[in-house]
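Letters A, B and C mark the chains in the order given here, with residues in each chain numbered from 1 onward.
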């Protein structure tokens, strides 16, 4: 992994922890709970991916991911009023989206390179890497998970990972360019969803039963 | 695994996904959430089993399980009114029960053959294989899990797996016959529970506290 | 592991199962659900630890942990009125706290010895070992998890594990003495919290949003 990817990954890790803390803080939880949920959100998805792959978890050999998540969680807890300021919060949402794009494509690339369950597993594990940590956080915090909302978060990721897999299969010589394009594409869709508050339209969802 | 078992397994996988989608659809969730929950229900239990065993996850070498779960989830989402028709829904419940019986005994057999934690682990991992995916689905969907209901689903499975383990321990020469018998037995009990709407009686449950 | 540690571990395993059953019993669940939740609480944390470490799960080679959890769960279910008697319940809370202290430090020691992700991973996996099973139980039972309460349970554990890691790093010659001291320290803090009903003060928690 080159230096740019590494640093974007660290910024994404921090953003995952920050948005996690901001999501659970309104419930009034203590610094321990906040930190655990921040770290789980930041590294949970990649941990599930590595366990399913049967390879050592990524953070065991580079604890920087956990230190960053820990520091970001505590900072957000301590300076909550700073991070809930509208412009900072928006910045964090975008960084979170950028991190998710990067982690998803990096995971798809890793799984493909391991020749693990091609072509479906690289897509599935790309998605899990990006959203798995947030799912665990919501379950532990008793919140509704992403799957039950109409948020446009995982759909661009699925789309981008599938596209990247098609490229790896049919035009592997464009791997670097393709990865960059997929990341930009996912992020652009997510950014549009944040900017215009887009959600999945009713006709692409099941009809809720009248309560 | 012989051909019959394989095809019953695929039908069971599809039925797991269909019943999962029907269970969560009344909450009004989008096609992405539906598909993820369908796939997780179909392959989640076997995935946990393989992770605990420390062996490669079963679907990495045969993606047909995931393709079937994906197709079944999307078909159920698209043709919801077909699958909620009483006779189709019933058929799916029975197929789901048959799949669970088969997966449980196949898992018990696999764990026993690996000589892993005999005699208790083959029973436990048989149960996890059959119900693990549904538990994850319910947790992610914010539904009450099977463990908190009085449904007669996991109890016949536990009973059948324990019986099959006793047979493997004391009369291993009847392995094939025993496996078939255990599957039929579990399925018969589950089918009876479906047919007569049986639930676990009060005296076998803890006394709920007055709210 | 010497004999004393082993037997304290078994008592702790039983106490984990007993307190788990007492926590979920007021919801009126059947003997199967009770047993599954009791066993998961008792062995879930250590199982997650071993999966993350990539080593065989601890109970596969010593099923006594599961037999004890199974027996304790069924006994608590059957003799619920005995275990809810104030003095017995208190005893179980203390035993549960002692078990958690022991499991946490034993896990930290194991992870450190494997040279896995020092210095952070031994602390994190110590915490996961102690509280992971209870978290899974609460999620499956639809209860609020420990992370969302202000209970003083995991904080002394984190503190004790971090202290023990510092000792392993800077004064490894005092390993046995240090482990014993850390266990006693964690237990003393937990016992104080039980005795005086202490919770995390408001100023160490995020401000809940007005509902």
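The definition used in the following text is that contacts are C-beta pairs under 8 Å (C-beta built on N, C-alpha and C of every residue); 3 or more make two chains touch, one makes a residue touch a chain.
According to UniProt, the chain labels map to these proteins: A, B, C = Trimeric intracellular cation channel family protein.
Predicted model, so just to flag it, every value in this text is computed and none were measured.
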item	value
Inter-copy rotation, chain A to chain C, in degrees (Cα atoms; steps of 5)	120
Classification of the chain A:chain B interface as same or different, half of numbers criterion	different
Whole-Å gap separating chain A and chain B, where each centre is the average of the chain's CA atoms	30
Interface hub residues of chain B, defined as touching at least two other chains	51, 54, 139
Residue ranges of chain C touching chain A (in the complex, touch as defined)	51-52, 54, 116-117, 120-121, 124, 127, 135, 139, 144-148, 150, 154-155, 158, 200, 204-209
Contacting residues of chain C [partner chain B, same complex]	24-34, 36-37, 39, 47, 51, 54, 56-57, 59-61, 63, 66-67, 77, 80, 139-142
